[in-house]
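Note that chain A is present in both complexes that follow, paired respectively with chain B and with chain C.
Our next item is the complex of A and B:
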């Protein structure tokens, strides 16, 4: 993203990340991951093993010609393409992202598709727009006849779910989350670099101020990383909230706790794929609200509960053997 | 688990019993979602006591989603949104209880491949998030039912999901015969399913009947009737049992019998523990039978081929 002013430079990037558990009994290996993520025949799935196992599909472009959401209600039509991709973390958590960048203005009339196709991932407005109004509208409004990048991302999740229809067997139920993000270039003002809001029904909004010149793909990667960790935290907190504490039936507690240990606790690895200049934004989240702090507390709770269950089970077994002898 | 709630006629207690079933599963710790596929007369919002949801669902409900008018069907968290005073505090250890309402003005529509794909995508997505998905279908052989049969057929995309059908009927001669016809008749669920690629045995093994509003002659409700009335009702009950058995919906195919509950005659609502034990307006048998239905739903002992 460049500094605002030049109409050809992107002054805004927006997108949505959807995060869910891959609905298979076990985490999938690299081969299966590659099969699931092969969205295009001409480009391979990219895989990496360090610092964790990660596979990401090639980018897919979706052509759109529709109204952009704006906070002030002004009608802005934009034409171009939205980039989307899907990724698998440790063969266990599935993420789909759809995003675009936009300049502050474009031609006054709609151009032929060729004009837009040479600008992949860019939505060119017809006429001028206020980037702030679009960013705020994108984060807060959702109208039927306006651009819905979330459903493009959901389309990727659905496609992968359909491939798994025969082996559909998630080891635990989890809520999908949607992180809707908008990134503008940081100015000299003292605005916070990041505003993270948790709305209901799995929706989160993320308002970012990024160093000028940040590529939209880097912004998308940062948001995916935040979305993954927010999803992990949300899932573990939800499961612990639902735990019947002090219940006589240890099996019920174990049924909830075990899948967390088996499938989720080892996935926490912030900043695994975040570009260095953007790491400061993660650090801001670590300060307030303190993602890793909360995670550590939850993980301790899981372990304490398991320890307690183990002691109780042992005591029961001991009691049983004493009464029988 | 995917559960379809069907009935031949309206007024069989299908929606209200299914909603109570969802409530009991959630109390037991399952994450449950309830899909109001009753195209034309969505009632679930009323049963869960969510008065604002009907207008909220306009253009954002399940019909709009299936028709492609919205990418995201509205979801309503029952625990946090209900106006039912006893439901607002979610009990400890309970699972999520979410309603996906239908649009009020949706009406019936012809199903096509597009609807089918959207339906399959939605169910697969909900399957990630919920243990039990209850789909309340409109009465009779509806388009909603065709959609359900097509989606769960081996070619439909949901063929591998564990699916169960509950067919509700009242305990009268007309209702018993109509329920049998709905399942085993020429135009019935089994025949329609076979035409869509279902295996007849597997499909009928996944169908059970729920008798609703069944008068229990031994209950205090009927203690004041004359000996002649009692004898007549007893005789009717026996005859009905014979008719049901003769039509293939006898006791072995019944998952549960929900007794006639005065509260439900007055108001379609969830029966809570408080209604039974504190306020004493509902009968304890109703509460127990709803719980029994919820237990048996996932107990393989009550399912399979007979």
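Our next item is the complex of A and C:
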């Protein structure tokens, strides 16, 4: 994203990331991951094994011609394409992202469609827009007739769900999350580089100020990474919440704790695919509220409980063998 | 993530897109149905005689090139072996080449239409071209589209606007009082010319691709904009033999008949066609306007053409042109 000025430069990027557990009993291997993410026969699924196993589908474009949400209610029509893609982390967590970038202004009327297709992932406004008004509107309101990137991301998830219809068997129940994000170029002011808000029903909003020149795809990758870790944290906290750890029945606790160890605890790896200039934004979240700090506390709790259960089980077994002998 | 300071790279995470050579113009010397060939050599001679003056016009139309540059123009001819196979290559091709030569024309490249539809013989690992292009369609959204619409792959039809709402069309018979609403062309100038293009027919596992859709694939192939997992597609195979095989499938999808020909793929295409193909080519333009070409393939054309001091239109559909001469 460039600084506001030239009308062709993006002054805004917005998107939504949906994160959920892949609903199969076990994590899928690379071959299955490629099959699930293969949207086009002529373009490969990109796979990466370092620093963790990651596979991402080719980008898909969806054409839109509708009003953009604006905080001040001003009517702004935009035409162009929204980019979407699906990704699998360690064959276990599924993410779908839909995002676009927008310049500060565009032609006064809609151009032939070919004009927009050579600008993939760009929504060109008819006339001028206020980037802040759109960013705030995108994060805070949703009106039926306005742009709906969430349903574009959802479309990716449902396509994969259809492929998995026969093997639907999730090892634990989890809540899906939606991270809606808007990124504007950072100015010289002392605004915080990011504002992360946890709302209800799995919705989070993320207001980002990025270094000028950041590619929208890099912003999307940062948000996917943040969304993944927020989802992991949310899931583990939810599972531990209300769990009667001190109760005599250790088996019930084990039933909850074991899937966490089997499927989720090894997935924590912040900044795995974040461009270096954007790592500072992660660091801001580590300062407050302290994502990794909270995660480590939770993980320690899970491990301590499992250790305790193991000791208790051993003691019981020992006790039983003593009484029978 | 990769960046200038990247010390670790995985090739499977960053696939490469191979480049292809480019002529300035790919000139198509007509198109005939199998039935036309059956009519005999006079029919073919008449065809090329009618095409000839427009070939000269198209050559002249390439325009001014930077000093000292000769225009690179290659000619091609597409044979329909997909919808019907009334004859064999051995019977059909020699009279065709002879008729062209009589009019003073050389067919540099000969292509088979089924090459645009199915994977290359002996290359089962290759994707079907038509299928690949289908997955690259990004529908032009009518005003009001905010992100939800059934994808084209489910309906098999592609429009240049918005269809009339389905339901009863007779206002007189409709008890609910619903009135007929017309379809509309997106971006129409005043009044609409609405078009709904059938891309294929038949069940999904044995689709018959429509002539319009295959003609769109043909245009994209000539423009050098298609790749299969980064590799060029329908690369011309040299053909030095005087004889042609008795089976269409024994002939490579695109053969280079003239060893001295300029590259098959080009910055722009011009097709000289009988006027009866005008509706099909209108459909081709509707389709090409909605194909999302791999950005890296587009970028390669931009870089190469700029290096030559040539401007190539940004939109893919604007790279194609037609001549519908009389008497063809």
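Simple rule for what comes next: the second predicted complex is superposed on the first by the 324 of 325 C-alpha atoms of A that agree within 3 Å, B and C clash if a C-alpha of one lies under 4 Å from a C-alpha of the other, contacts with A are read in each partner's own complex, and residues count from 1 in each chain.
Everything that follows uses one rule, which is that a residue touches a chain if its C-beta (ideal position, glycine included) is under 8 Å from a C-beta of that chain, and two chains touch if they have at least 3 such contacts.
On a predicted model such as this, the values are computed, not experimentally measured, just so you know.
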| item | value |
| --- | --- |
| Partners on chain A (chain B, chain C) - clash or fit | fit |
| Geometry of the superposed three-chain model: angle at chain A (Cα centres of chain B and chain C, steps of 10 degrees) | 100 |
| Contacts of A:40 with chain B and chain C, given as first, second, both or neither | second |
| Contacts of A:151 with chain B and chain C, given as first, second, both or neither | both |
| Contacts of A:162 with chain B and chain C, given as first, second, both or neither | first |
| Greater residue coverage of chain A in the superposed arrangement, chain B or chain C | C |
| First (chain B), second (chain C), both or neither touched by A:242 | first |
| Minimum distance between Cα atoms of chain B and chain C in the superposition (Å) | 8 |
| Overlapping contact positions on chain A, where the chain C interface meets the chain B interface | 148, 151 |
| Partner chain A, residues of chain B touching it in the complex | 29, 31, 59, 69-72, 75, 77, 80, 92-96, 120-121, 124-125, 127-131, 157-161 |
| Touching residues on chain A, where the partner in the complex is chain B | 20-21, 23, 144, 148, 150-151, 154, 157-158, 161-162, 165-168, 170, 173-176, 200-201, 242-245, 247, 252 |
| Chain C to chain A touching residues, read off their complex | 1, 3, 5, 8, 10, 12-15, 127-128, 131-132, 135-136, 138-148, 186-187, 226-230, 288-295, 298, 314-318 |
| Residue ranges of chain A touching chain C (in the complex, touch as defined) | 39-44, 46-50, 61-67, 77, 79, 81-82, 98, 110-115, 117-118, 120, 145-149, 151-152, 155, 218, 221, 273-276 |
